[in-house]
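Two complexes are shown next, each including chain A; its partner changes from chain B in the first to chain C in the second.
== the complex of A and B ==
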């Protein structure tokens, strides 16, 4: 029976890395990373700046070599035109020749991707208010992000990677991006790997979530399962302590006689009754809070 | 019923999440699938949903109401009077 497949046949993996380690000048950027990206999913790669998201994307797209096994469409991606012709990587800071205008970028992309849809690209460029004859060097940060989004969507590449596509984009354009992404994904199912720190904004768009922290994968799970994975408990210190006894506590914050704890494992069937009895409040934990608490950023006092 | 694609676009959620929601409603007997045509609301679905919500009404609404009232020093008699008044106003 087809339960969650939405008419998708058997899921196969578009990309797979096994035990990948990358060091730059003695510093370990990826530390024994293993990850699978399933076909036709929107997969989020989350984590702090410098966690290793970009490096992992660069490894997947054959831009850098790393120790370990890397397979994209079943093959090693480095210098492999058969693989790279089906992959579109929209980097955070894409470089273009100095004299390029917006239209030149789109023309170049048309040559690069077999699946390129020029009419769709033009429509998207209009939607994102990108003037065809504007020099790329004169684009603002947000417009450069928008240009990357246009290229990524219109490439129709079977595997498309967006690295921090939201930088400098205002709220209206971020929403436009999400709407266009969902519409495109529904009409032309393909695999999207998206790195971002705007977890709350993109959380609902994701089917799979991978969180990377200091080069290691700390969460890799179905997005819906993750949303149900943790619960926040708040109330008098003693009551919260008694609720959390025997549970895995991810984080505790305390303010005089009141505390708030984040516990893993989600809700148990009789938790509502227990919370009522103890006089504590239960609240769901957003994906963003879960990521922040799991990656230990708040413990280091550097909460953004 | 709208398609999962339409639901996903409207709510701005992943289509797999929308599909899970629809599947849950199928499992609950609220929706059923007609092969090749689409999803339909099952007969009696409205009554079943109402029954289910009624059965949870005491624990989900009345109990928290009583708890909150007690916290504020409002006794049950006072609460009943408030409910009567509120009901009359409608």
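== the complex of A and C ==
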């Protein structure tokens, strides 16, 4: 097992699932999934729509029942007041009573989360332009997402799960969310599990990346190691070809005289020198490219 | 550190947050009270409207006999919406806020029980006010309507309180069926109830038992009818609801 969170002192696992399978009406949504979430990390759960991200989060928070072993803070989370009291799951489809206004949601959260910070919640609600007396039913999709973000951050829950927190949020508010998340994380380290398909946008936030595809985990690695798994080479066709000779090429895009290849295995020690000599450019591959290539059906598992 | 992420040590004092009960069941009971200005005025507003209409009607009719009306039932019927929504709306919300099914169910019943005690106390006070004012000056039987009248204060109180609990049990049961099995579950239940009721009516009619049934009801005291027989029904529905909600995944 990889040890993550180096430099943050002793690490332990906040959540652990082993051999978890979940089927809905004969369709397998999670297929023998095993995953570990380490304490005080920002852990990204990436994948296509319908890949099983939400279901995995619902299993972790005792919202649905699944076969297999699920441990959160060392115990099974289903119907466990002690465990769930330390968990906040911001669901993309969170429902609210019809008559609730924004302030009622915050009051309810203050009652229900032991570590709730009311002043922080009020400040966040102001930042995200959420009117306290607006009915939750009248909020736009983006404002509903913002309300979820406020609840998730202000809960200060030791394990906080955000499921697609960006839905409907404009670029400025997405940036605000990332800024607040990082500030909060620096000030009050806690474990964040974040699912999204805006991969490049959250790429820099993530310390750990799990990619789930068709109910199976296809990548589970430290973000830095993951980026080092592949490198992109671009330049004149002949130069690129001679650079990639003898290496595993994951993908090539070619325009008349220039080409761009994605090479597995990352950089070798003398690659910088070689690239300069050949006149090609080396670039890290974006997380999004890696994920797309790994979960593309023709190339599934190419990077494993 | 920006101004918008204040230090935890000062934040609790800065904002008047509700006090957080220690026990999860008590927290849920408190949760049901969070938006009370948007829920509690409904049953009492409708009862007040019904009462006002009856007062005007009977005040304008010149009759020697005491007038009676079943308008009191309106508050019980209005409450059924609240009881159903505790589960169809409140439950999915609370589950998303890290509440367990067990804590939600028990906490909601704790709230419903306390609410019924409070509602019953108000009705009791109004019933004795009605007696003291000789039917609000127009000989109107509204709160102390003849079917529910008991002379003992304790029995009268029970007659007001228990029907709230019965309706909460029925409404809660319907709500739980809905969150467990969806609209189809609810419709299946309705079909079953209609079928069973049809069979009972048919059997009673064929056997010419209607007179005995009528006699039986006439022979029951208000206490037995409104505070006695509902209890076993309540307990059975309450336990069934608990068993069902423990596996609900809305």
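Everything that follows uses one rule, which is that the second predicted complex is superposed on the first by the 247 of 304 C-alpha atoms of A that agree within 3 Å, B and C clash if a C-alpha of one lies under 4 Å from a C-alpha of the other, contacts with A are read in each partner's own complex, and residues count from 1 in each chain.
Basically, contacts are C-beta pairs under 8 Å (C-beta built on N, C-alpha and C of every residue); 3 or more make two chains touch, one makes a residue touch a chain.
Just so it is clear, the structure is predicted and the values come from calculations on it, not from any experiment.
**Student:** Please work out whether A:120 is in contact with chain B alone, chain C alone, both, or neither, and reply first, second, both or neither.
**Tutor:** The answer is second: A:120 touches chain C but not chain B.
**Student:** Under the stated touch criterion, which partner chain does A:42 make contact with: chain B (first), chain C (second), both, or neither?
**Tutor:** Only chain B is touched by A:42; chain C is not.
**Student:** Is A:204 in contact with chain B, with chain C, with both, or with neither (first, second, both, neither)?
**Tutor:** After superposing on A, A:204 lies in contact with chain B but is clear of chain C.
**Student:** Who does A:183 touch here: chain B (first), chain C (second), both, or neither?
**Tutor:** In the superposition, A:183 touches chain B and chain C alike.
**Student:** Check the contacts made with chain A and report whether chain B or chain C touches more of its residues.
**Tutor:** C
**Student:** Please work out whether A:224 is in contact with chain B alone, chain C alone, both, or neither, and reply first, second, both or neither.
**Tutor:** In the superposition, A:224 touches chain B alone.
**Student:** Answer with first, second, both or neither: which of chain B and chain C does A:239 touch in the superposed model?
**Tutor:** neither
**Student:** Taking the superposition on A as described, I'd like to know which of chain B and chain C A:14 touches: first, second, both or neither.
**Tutor:** neither
**Student:** Which parts of chain A are in contact with chain B and also with chain C?
**Tutor:** 183
**Student:** Chain C touches which residues of chain A in the complex?
**Tutor:** 58, 61-65, 79-81, 84-85, 87-89, 91, 94-101, 104, 107-114, 116-120, 122-124, 126-127, 151, 156-157, 180, 183-184, 187-188
**Student:** Would you pull the chain A residues touching chain B in the complex into a rising list?
**Tutor:** Listed in rising order, the residues are 3-6, 41-42, 178-179, 182-183, 185-186, 204-207, 223-224, 272, 276.
**Student:** Using the touch definition from the top, list the residues of chain C that touch chain A in their complex.
**Tutor:** 1-6, 8, 10-12, 14-15, 17-18, 20-21, 24, 27, 30-31, 34-35, 38-39, 85, 89-90, 92-103, 246-247, 249-250
**Student:** Going by the contact rule at the top, pick out the chain B residues touching chain A in the complex.
**Tutor:** Listed in rising order, the residues are 4-5, 8-9, 11-17, 19-20, 23, 59, 63-64, 67.
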